[in-house]
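First comes the structure, then the notes that go with it.
Labels run A, B, C, D, E and F following the written order; every chain starts at residue 1.
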């Protein structure tokens, strides 16, 4: 067991690591949701070929951009004042 | 977050552990609010954005996203109130 | 490394904290699923306005109540004997 | 939970670590069963409840939820058996 | 705080436990996704009875088998060289 | 994974903590890639497999799964690039 006077420091460090972990989890989840959502919106699901065609590519670019705008817009509405992406 | 069924076991714990428990609760709430944020964005994007001719939101999409987010938050608060009442009722019944 | 005679105590404490964490995660997940499910069942997705109307509000109240009943019913069927909500 | 690919690395660990590993497995199983419970409720609610004229379940909804839960559990057990057989087969092939 | 010469050992152990945890989480998630996907593909959702009928049972067996094949196929394509199931 | 908003707080940490942070990042990346793998399998299975007359994949299903996985990976890389550009832009704007 750590000496009592060390305990707060250890806990604060735990808090920093815990926060960093949540922050990274958040970004990973954001990226995953974005990826799946834009795949659903832009990519043809018959899988007639394994390449993305030009229409799909430009749809993906715009989809990512719009998702970014929505993320910022919702962030403003929630008034978090933190960079959400 | 309301009293969990384990809270009884924690009453006797020393200060240090109570502090740790508070930290745990804080961190779960942070994680939860970040997840809520992510899923709100996903929902409103999915429901409101369907044209990909340009890189920024159309006026219509912007309005739709704002209403969607507002509506979802109001909904979420109402659910939270009803949920708390039911938990309250269940706790006093025991 | 902790002295061997301390180890069980530390582990037991880990178990208590671990259990408490799972318990809270469970409640958060229950609340989230309930929220999303009732939004899908009750709220009009055209978003013509940002207010919930009277029909939506009473649907939400009943939806939460029914979800609660289903949670208890499934809990009984699983025979967990624990308060599931 | 079946033998993970890391189990070999754990053979040599002292008692204390084996105990810790057992605790970890227990906790993941608790988390898993709570998640299963949550998703079973969500599924049967979504499939069975569609009227919101009153606060309690109709007789029909009640029956539907019971069958849904029972059916899902039977399904889940069958999948578990097949899954174990495939893992077994893969393990002996190596 | 642990003495500096102990730190690497403790961290390596953390890594082993962390890896084992991820590995188990992966298998649980695989099993859960498989279960839900095959339920969606094979089981009638009207719930006229609580038994699985013969058609559903054989559909489930084949569904699990095919899911296993897809898991292995995708594993090969990703070139992970690890047994994915 | 790009610089998180907490990175500033971590600059001053001793070596041991930096090592721990690196371990944390590694483990989240492992978890993330395993989840991505799981969701890729689920998606391609759901989109491509719809007949259950036999236990192995038909030629058509096999081809469909290969294309689906390849397409999703290309998509995912493209999204990653665009995502990084937007983060870059946001970081320099501040």
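Just so we're on the same page, contacts are C-beta pairs under 8 Å (C-beta built on N, C-alpha and C of every residue); 3 or more make two chains touch, one makes a residue touch a chain.
Chains and their UniProt names: A, B, C, D, E, F = Mitochondrial import inner membrane translocase subunit.
Just so we're clear, the structure is a prediction, and the values are computed from it rather than from any experiment.
Colleague: Using the touch definition from the top, how many steps at minimum link chain A to chain F?
Modeller: Step count on the best path from chain A to chain F: 1.
Colleague: Can you tell me which pair among A-F, E-F or D-E shares over half of its residue-numbered contact pairs with A-B?
Modeller: Among A-F, E-F or D-E, the interface that shares over half of its contact pairs with A-B is E-F.
Colleague: Averaging only over C-alpha atoms, locate the centres of chain A and chain C and give their separation in whole Å.
Modeller: Here the centre of chain C sits 23 Å away from the centre of chain A.
Colleague: Could you tell me the distance, in whole angstrom, between the mean C-alpha positions of chain B and chain C?
Modeller: About 11 Å separates the centre of chain B from that of chain C.
Colleague: With centres defined as the mean C-alpha position, give me the chain B-chain E separation in Å.
Modeller: One centre to the other, that is 28 Å.
Colleague: What parts of chain E, by residue number, touch at least two of the other chains?
Modeller: 19, 25, 42, 61, 65
Colleague: List, in ascending order, every residue of chain D touching at least 2 other chains.
Modeller: Within chain D, residues 20, 35, 39, 48, 66, 70 contact more than one other chain.
Colleague: Mind listing the chain E positions that touch chain D in their complex?
Modeller: Contacts found on chain E: 13, 16-17, 19-21, 23-25, 27-28, 31-32, 34-36, 38-39, 42-43, 45, 47-52, 56-57, 60-61, 64-65, 68, 82-83, 85.
Colleague: Contact residues on chain C for chain D in the complex?
Modeller: Residues of chain C touching chain D: 4, 7, 11, 14-15, 18-19, 22, 25-26, 29-30, 33, 37, 40-42, 58-59, 61-63, 65-67, 69-71, 73-75, 77-78, 80, 84.
Colleague: Note which residues of chain B are touching chain C in the complex, please.
Modeller: 1-2, 4-6, 9-10, 17, 20-21, 24-25, 28, 32, 35-36, 39, 43, 47-48, 64, 66-68, 70-72, 74-76, 78-80, 82-83, 86-87, 90, 94
Colleague: Show which residues of chain F lie in contact with chain E when the two form their complex.
Modeller: 16, 19-20, 23, 26-27, 30-31, 34-35, 37-42, 44-46, 48-50, 52-57, 61-62, 65-66, 69-70, 73
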